[in-house]
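Order of writing sets the chain letters: A, B, C and D. Residues in each chain are counted from 1.
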Amino acid sequence: MTQQGTLGVAVIGTGKMGADHVRRINEVISGARVAAVVDIDEARAKAVADTADGCQAFTDPAAAMAAPGVDAVLIASPGPAHEAALLSAFERDLPVLCEKPLTPDSASALRVLEAEQKLGHRRVQVGFMRRYDTEFMKLKALLAGGELGRPLLLHCRHRNASVHSYFTNEMMITDSVVHEMDQSRWLLEQEIAAVTVLKPTPSSLSPEPLSDPQLVVFETTGGAIVNVEIFATCGFGYQVQAEAVCERGTARVGDAHGMLVNRPGTWGGEIAPDFVARFEEAYDREVQAWVNATRRGEVEGPSTWDGYAATAVSEAGVRAQATGERTIVEMIERPAFYS
Amino acid sequence: MTQQGTLGVAVIGTGKMGADHVRRINEVISGARVAAVVDIDEARAKAVADTADGCQAFTDPAAAMAAPGVDAVLIASPGPAHEAALLSAFERDLPVLCEKPLTPDSASALRVLEAEQKLGHRRVQVGFMRRYDTEFMKLKALLAGGELGRPLLLHCRHRNASVHSYFTNEMMITDSVVHEMDQSRWLLEQEIAAVTVLKPTPSSLSPEPLSDPQLVVFETTGGAIVNVEIFATCGFGYQVQAEAVCERGTARVGDAHGMLVNRPGTWGGEIAPDFVARFEEAYDREVQAWVNATRRGEVEGPSTWDGYAATAVSEAGVRAQATGERTIVEMIERPAFYS
Amino acid sequence: MTQQGTLGVAVIGTGKMGADHVRRINEVISGARVAAVVDIDEARAKAVADTADGCQAFTDPAAAMAAPGVDAVLIASPGPAHEAALLSAFERDLPVLCEKPLTPDSASALRVLEAEQKLGHRRVQVGFMRRYDTEFMKLKALLAGGELGRPLLLHCRHRNASVHSYFTNEMMITDSVVHEMDQSRWLLEQEIAAVTVLKPTPSSLSPEPLSDPQLVVFETTGGAIVNVEIFATCGFGYQVQAEAVCERGTARVGDAHGMLVNRPGTWGGEIAPDFVARFEEAYDREVQAWVNATRRGEVEGPSTWDGYAATAVSEAGVRAQATGERTIVEMIERPAFYS
Amino acid sequence: MTQQGTLGVAVIGTGKMGADHVRRINEVISGARVAAVVDIDEARAKAVADTADGCQAFTDPAAAMAAPGVDAVLIASPGPAHEAALLSAFERDLPVLCEKPLTPDSASALRVLEAEQKLGHRRVQVGFMRRYDTEFMKLKALLAGGELGRPLLLHCRHRNASVHSYFTNEMMITDSVVHEMDQSRWLLEQEIAAVTVLKPTPSSLSPEPLSDPQLVVFETTGGAIVNVEIFATCGFGYQVQAEAVCERGTARVGDAHGMLVNRPGTWGGEIAPDFVARFEEAYDREVQAWVNATRRGEVEGPSTWDGYAATAVSEAGVRAQATGERTIVEMIERPAFYS
């Protein structure tokens, strides 16, 4: 099948992430153009619209989706606004790339799941960009190839240099560890059955009210054990690492790499300052993959089910964090629609 | 300045490299489309043209450049065809991305240099893609920043798993080491003044008529010494490494990196099979940078002067290889136009 | 204080470990000689005695300790024989290097602890050789120096290629993880307060009756969290790694290192086949440190208290492994004698 | 054959290196004791003698060698004193460990070579300690095993943080690169046939009268090419690296390794400050190997021929450095005695 014409995208939300996606569609990837942008801050929407030829600014997502030339929707607004935007897109049967989280809680995620099933075909790709990172793709391919046997343990590290003052303990789960939830489900091809959160005495540099770092343990339906160090204010940079321990070997991604420098007394390399620097190319690849699949009339990548599952596991994680107890993850049966 | 419309590109040559650039413009990068393709093999040109909407096939470069919708030219034909294609593009004042080498010899490169100067503005970006590789860009930035002081030595490794049966000793210089010639000029911001080639007893696996590997030494106008191991048939994969030794430290790029695997008895990672795998993203970035600059009405990146210089140094390298002697590089003075 | 004469050592037990210590004293380290060897297998004792000048063979430890020229005792017999040998040595007030475990259970360890206190001075160094490994010594020095702040988490990996057919689940704790118990106490300078053992679905290559691998979690009295992957039959080699996550940075030891080789398709290094290859120099350094301190009339290194603590934590670990529950470690108060 | 009694060693020279060897024999290695020390500074000799039981101080090497209890000689005096000390040892037929250089020039080395041949058996091990470094031993074993095929190129780096004020250009060859001369001969099992020295514009931090760094190229009798970066004042630490490029792969030793630390913005490890820290264990192993062989009545390791060859190549290197020309190495035929 040959490629259709350039895809006209309505970008919902023009904050840091939305504006970056507009830049990406304008300047980096192929086959799409920004046809409309939406923000409740009209001035900001107009300023971003001015960066793209023939792009209109809106304050209402539904109005943007109805505009001429809009073929698809990229949702980058705050999580609480996602459900309404998704349902509007479904009304017009528009394909959607929805930034994580799908929605902030599993009840709303379930409503989206049901609405998409009523459409009769998948429409949503959820923005778990690690699935598009070169190293994680290699790890996935190695595990899927079977050479190393079944994965038994997954050791994960997730370190941020620092966080905004409004960052909470709950966000350590819902905003940060949610990536490892999706990553574990994707790499292991299993659901997460239970979550436990262990909290060491916090770092004296940990800002109130955080208890930082924490060690989060997942048990999967296939009997694998995952542990995640989440360190939101480690101070030294942004690091995401994972090692899969399998029956016949292990594989590790995310060690710092690239240029090695000898300086007085030390050799080594730089640590990425933040997720933008670390995952820039993964975001490019993610949006390009969405545009390419959409132009072919297909939907690929993390599904609404993946978005729902991450939300359900996050809820269990937040409870586990609060109670200190091992907490069972409650999820509906996976609909055949998403198998 | 806002971006102009999508750039219509005529791709000259639809061999391996040309076809890959067509795919890149079609599917990977932003802001361009393939408006025309040219090949002396008409069937091949047509097959490639069919992969892009509204793309016409030609057998004559000048005819393609005259076609409607053609705003720019990407030359990926064999080196001997470059001069004519470049001069045709100059007649229409079209911006050009020309794969290396600019031309096969310095006499023809000089003619191109003079023709571009007569136009009164730069039109050519030469395809030295290493300048767009993430690691080499970091090395360049580190050296340019001055933290490590002046570069004194540059150790380079250039290893191919294997070569085609038509590969010659001369091509070890003109096709392979030419990359280190440009890389050294770019990183050190100096011209190459002399070349010496040392040949160890060849590997018993070295195919006739190659003397493989070789050690090529450059002396630069600023007194730096560069050594390049060129190993065209190393057997184990494709590796490009460089270490700059400076007054206050050293910096190295090109160590294998990424995913680490423990397998029975060994830990380690994979070596890229070839330059396509190793430099895929550098090619993407190179063509994107050309498209972006062209749409802004600008010319950036390696210039015709850089193409001429690489050719002149290659000629000295081939003589040095044949004679075993230290060979002075002969070049004209750098025109102010290119300073 | 100048060095005394050469130390005459009675080596108790001439199995694999004991015979290796005899070789070490004979051929590698300075200041000691093997004066007596003991084994219940008289022929084996005689064969080993023949490797050292003036060395006598015995079947009874007490008789060996009474022999002329015996100044010190190295206990390398099976764990159940340690208590009697230690008490015999205390009767003669001889300095002892006792291989781990100090004794197989905490009740017997307590008896040894009390007997040593009655002597009025320390006599025992316990054989936790990781404290003498170059990399672990560097990690200890870095943590003790305070540059990175307080340690918050400790991630440990302990992988064996394979185990003997008599190896049990309990031995995964008492024989293997006991090293991480001592290592954690030493690095963090805290006691272990609780142990939890998580068991993934075992590897299909895991030999009966092992449930392999396991993830063991320690909580320390200072609020640090330690996790230990113990993989007794990982197949690919012997690996011991540790990463301390501190307030201002992290530090990791035990990555494979040394010679890097490019082979077809892969770069990397070798993994040590077993603990003998990995810790050979640590054993040399351990025994040399014991000889040097003994000749100076001093006792250093891991104490009887450290041996008792490791045994008490092991007991909790075995219970935690059996029950799947978080298990509190029960220990007496640390006597002032060992502070 | 069983070991003889403890070896009584006369250490000639009690400067930095001699005093360190005395400490090594006293405290680190097995089977030897320091029976005598010699220094023209009598007070220094006495101070060092006091560190070992029953050790006598001398100012005359021959007198020390005649003292009771002296079974072997370790020469660590300045190079110009080596010839006389070696010949004295030969008169008494004593085994010798002679620090490099064997002698300062090839004429004197030839006299030693002839004198040893007249004895009718080898008596000398020359102190090229890299042959006892764990990583270099692994590289040697890998090359000797043949898996990678014939070595074609050898890339060497030799970097010092700084040098004493009396360090000269000639010493860059005779004191530093002499290690790579022996290392190349040992690893490749070939003689060095020619030397060329390339001098970049010196570092602005290079102290008068040094031209630092330099690139030294060896051509071997088997047609291999070796290049050595010697950087005497690199400022960042002490680094010795080597990569052998072979027909079927390459192998590299000497990358910094060990503990990895994440600190703000960077990951990496430490660089050894000097050769003492880098090669401490190689020195231990070297002296232990000499003691063990001597007690068995054997002579192993680098021979007088190796010492002569290094001196002859050094002389060619110094000429090459002064003239800027490729310089042929002049050596006698290898006597059958040393084959």
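Note that in this section a residue touches a chain if its C-beta (ideal position, glycine included) is under 8 Å from a C-beta of that chain, and two chains touch if they have at least 3 such contacts.
Every value quoted in this text rests on a predicted model; they were computed, and no experiment measured them.
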Chains touching both chain B and chain C: A, D
Farthest chain relative to chain B (centres taken as mean CA coordinates): C
Rounded Å distance, chain A centre to chain C centre (Cα mean): 44
Euclidean distance of C-alpha centroids - chain C vs chain D, Å: 37
Residue numbers of chain A (touch at least two other chains): 234-236, 248-250, 260, 262-264
List of chain C residues in touch with chain B within their complex: 234-237, 239, 256, 260, 262-271, 273
Contact footprint of chain C on chain D as seen in their complex: 2-3, 5, 25-31, 51, 53, 134-135, 138-139, 142, 148, 248-253, 255, 257-264, 281, 288, 292
Chain D contact footprint on chain B (complex, rising order): 149-150, 152-153, 155, 198-205, 213, 215, 217, 219, 222-225, 227, 229, 231, 234-236, 245, 247-250
